[in-house]
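What follows is a pair of complexes built around subunit A, which joins subunit B in one and subunit C in the other.
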Partner chain A sequence: MALSAGAAHERAEAMWRPRANRLGLWLFFASEAFLFAAFISARFVTSGTDKPDTLNQPLALGITVVLLASSISAYLAETSIAHGDRKGLIRYLSITILLGLVFLVGVVFEFREAMEYFPPGTIYGSNFVALIGLHGFHVFTGIVALAVALGLGKKGHFEPDDYWGVEGVVKYWHFVDLAWVIIYPTLYLF
Partner chain B sequence: MTMQVDAVGLRSKARLGIRVAGWLAVLTVVEYFVAVGLDSPLVWLLPLAAAKGWLIMRYFMHVNEVFEGGH
Partner chain C sequence: MRPLIRAVVLGLVGYVAGAWLTVAVRGGSPSDDVAVVFGFILGLIGWLMGIGVWNAWAREWFGLPAKPDQATGWKRYFTFNTDHKVIGIQYLVTFIAILLLGGAMALVMRMELARPGQDFLTLDAYNKLMSMHGILMVATAVAGVLGAFGNYLVPLMIGARDMAFPRVNALSFWLIPPVAIGLLSAPLLGSFDTGWTAYPPLSVVNQGGQVLFILAVTTFGLSSILGGLNIVTTVATMRAPGMTWGRLPIFVWGAFCASILSLLVTQFFAASLILILLDRVAGTTFFGAAAGGDPLLYQHMFWFYSHPAVYIMVLPAFGVMLEIITHLARKPLFAYKAVVAGFWGIVGLSTIVWAHHMFTSGMAEQLHAPFMALTEAISIPTGLVFLGALGTLWQGKLQSKTPLWLAFGWLFNFAIGGITGIYLADVATDIHLQDTYFVVAHFHYTIVGGTIFALIAGSYFWFPKITGRMYNERLGKIFAVWLTVGFNLVFIPLFWLGVNGLNRRVADYPEFYAGPNAFASVAAYILGAGFLLYAGNLLWSARRGPAAGPNPWNARTLEWQLPSPPPEHNFPLLPEVVGHPYDYGVPGSVHAAQEAAEGGEE
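This part shows the complex of A and B:
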């Protein structure tokens, strides 16, 4: 039976839409990577690999572990809806948001210590505040996006064959994690 | 409408994700001890950070799907 023009168009769009969405998102990640790269290179250009002895290493390691843990819960949220488990989607998105908030609390402590030991008036301090602030803002927007996906998921949106809203948000969250994987050694370890 | 849960597929993918997270945790701990234990750790930390980045992009962000169609 011949398809109507509208049905044929919908079928064609269903074929290319996921790929176009992913490509668009990855192009966005590429542009974001340039932004982070500029801040990271500024840290090395202005202060080399010097870092203050007063950095709180246990706190940084702790929030790194929290962010990595949030990445696995985000992964499990996406995997859950991809396999038809809505309860899992809601559970793991909630855990991811909670861990993101814990990370942000850790960032607040980092900022407080930075103001005391290496304020923005110092070279390292300005790099520290700029990088942590830039990344922290991405974490904040990620939490907002995850909360929107959670709300939609609770209302019955998303199906195993249609969950781009979750996939896109979760990929963004992983990108935020990926950025931290580079920022953490840049500020604390080198 | 109730969705059909693919429990077997879900368990298999979840196990893979947890394994990857385990590797990320191990690399993070190694990274930390290399950084606090060595005087100039840069040469060791770069490959560790790159390995962590690759694990996240490959297994969590599914970078390979950019070059494929569908879910």
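This part shows the complex of A and C:
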């Protein structure tokens, strides 16, 4: 049976659009990985594995746990909308945003301590400022993106068969978490 | 024009607000580095929202319906239009304009260099002019061919109706004007005198214009990354039925491979510039050796991008030239698979050779030999590409057209550029030649001879497709000879100057170097005058040229099977690809069936 041209194009787009969205996002992550790699390599090139013993280890471990937990709630938000549970989507997105904000507050607190003990005029301090700043910026953009998804979800956007917006934002959040899983040992453990 | 005016106003408001808020919070002057940073960031956001990011895109984030701009005709070019052909033309016109501007700056430099002594430029003014010329031309080479032809041709050639992310594509282009404005207004803050390489420690301590350079170039990097991401995704997911990887037109391969590089390594340039910015505004000390920083760190990060950048410039140019050669030699592209393998070899090798720029920097001795060997290994994949071009021309039915004439000039130039590169890859000779005019001559042979020639040849070859009209062939050929001869007359003497030790980046030189310098300066003016012929021919022909018809070259790739210019969304019906694109002279061969994959009319 002959299809109209318009219908044919729509059918074709339904085929490639989800693949293009996912590939585009993964390419973006690959690109971002290079940015993080550049900053992380700067840390090892300029200061090896030296680190001051004035680092606030308990705080760093604490915010790491908070951020990892936020990945779980983000995952639950995505599975909620996949099953048509809008309330779950809103609840878990809100929890994720809250945990993200707690992480940011912790980072700001740590940053202020850092300014005293190893100011940016030292080489470790420089790397600390750059890496925490870079990652903090990504957390901030992630929170903004989660808030946009939350706002849209509350307005009734996203359906079990159409929730790319949520999926993309949640994947980005996982990526930001993963970046921290590498930056945390880079700054605190080596 | 409304969106453009809105963008300019909001951009200015953003800049003033950012700079003023910074002064209000921390005191100081609005021309301080920090104030410029926040001004630029808010100005950029204002510009983008004004041009159409808000209406066509961001409204959706708040649950509002998007209001894409409905402009038609020439007004489309001044709006946030998402048609890949509009964006391709925006790139083409913008970067040809920047090319001419950067070329005019080179003419001013050649005037100063025409004879020994400081004539009308101070050493400082010369360095700043040279720096501006450098970054404008590098930007043209990076984004000219890939942005113009990559956007215009890739969807057409693979049988797609647009790019995968049309709005991201429009964003990539509209990030460019703030880059140009940022760079060109740097003289207001004392300009920048570091060349386009921006090496610390100078770039950490010099005038505030350097901050505009950093912000503009980082923004340009974002544009490159988004553009690359779009092309890779489009090629990977939107090829027409039957357009297998083995049937991809060679230009698509070139754009694809360049985009992969651009997508990944550009981040290192951004990172290196951000670290300089932090050293300037946040009190860090990455490049201050006194507190344990390391200026060489910058060079490593910078060249990790900027060597592959040469291939981001030249891979799409290879694609353009091989398209022209195979269509106009009426022969199948010789060793298609080897050429594609050569592209991939270049992508792989280009990321592990960067330190050949640093043989005299004082980096660890034991790095010299491996970087020399790896660099020289790049001649193998590049040789495969070259072989593909020569093999296609061999015994071809050559059509005497301007693009093919330019292709011969390109072959000659790129051969010189490649061979002289060996002396710079070789540690022993490089230590003598480092930072001399030999380097200047070499990279102009590869970048102008390789990439800008392709930009110009492509602008002739696809001119009938883009405008629907034919350029003047006789004037085109005169320009092809003029450009090739003029270019060689300018840059051949510079090899001699470099071998004899004349340093680059200096406005003055001893009497000994006078002859070749005078010669190069005169030749530069002859070369520059030729561009009047180029611009005149294309501008006049775009309005008054004879109608070209859909396929003046009788070429087989998909873009030539459509009307000139192609309609919005390109293909009313999906094409079905059934054979290789370049099987000229192969009996019974077909590239694409005209009928749709899914038959029937609308």
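Operating definition for what follows: the second predicted complex is superposed on the first by the 187 of 190 C-alpha atoms of A that agree within 3 Å, B and C clash if a C-alpha of one lies under 4 Å from a C-alpha of the other, contacts with A are read in each partner's own complex, and residues count from 1 in each chain.
FYI, a residue touches a chain if its C-beta (ideal position, glycine included) is under 8 Å from a C-beta of that chain, and two chains touch if they have at least 3 such contacts.
Values in this document were obtained by computation on a predicted structure and should not be read as measured data.
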*Could you classify subunit B and subunit C on subunit A, in the superposed arrangement, as clash or fit?*
fit
*Is A:I123 contacted by the first partner subunit B, the second partner subunit C, both or neither?*
second
*asked:* For A:A8 in the superposed arrangement: first (subunit B), second (subunit C), both or neither?
replied: second
*A:W16 contacts which: subunit B (first), subunit C (second), both, neither?*
both
*Could you give the angle made at the Cα centre of subunit A by the lines to the Cα centres of subunit B and subunit C, to the nearest 10°?*
120
*With both complexes placed on chain A, how many Å separate the closest C-alpha atoms of subunit B and subunit C?*
10
*Share the list of subunit A residues that count as touching for subunit B in one structure and for subunit C in the other.*
16, 19, 23
_Touching residues (chain side subunit B, partner subunit A) in the complex_ = 3-7, 9-10, 13-14, 17-18, 20-21, 24-25, 28, 31-32, 34-36, 40-42, 45, 48-49, 52-53, 56-57, 59-63, 65-66, 68-71
*Under the touch definition given earlier, write down the residues of subunit A that touch subunit B in their complex.*
15-16, 18-19, 22-23, 26, 49, 57, 61, 64-65, 68-69, 71-72, 74-76, 79-80, 82-86, 88, 159-161, 163, 171, 174-175, 177-178, 181-182, 185, 188-190
*Spell out the part of subunit A that touches subunit C in their complex, as residue ranges.*
2-9, 11-12, 16, 19-20, 23-24, 27-28, 30-32, 34-35, 38-39, 41-42, 45-47, 119-123, 125-126, 129-130, 133, 148, 151-152, 155, 157
*Please name which positions on subunit C make contact with subunit A in the complex.*
61-63, 161, 164-165, 168, 225, 229-230, 232-234, 236-238, 263-268, 270-272, 274-275, 278-279, 282-286, 291-294, 297, 300-301, 304, 572-574, 596-602
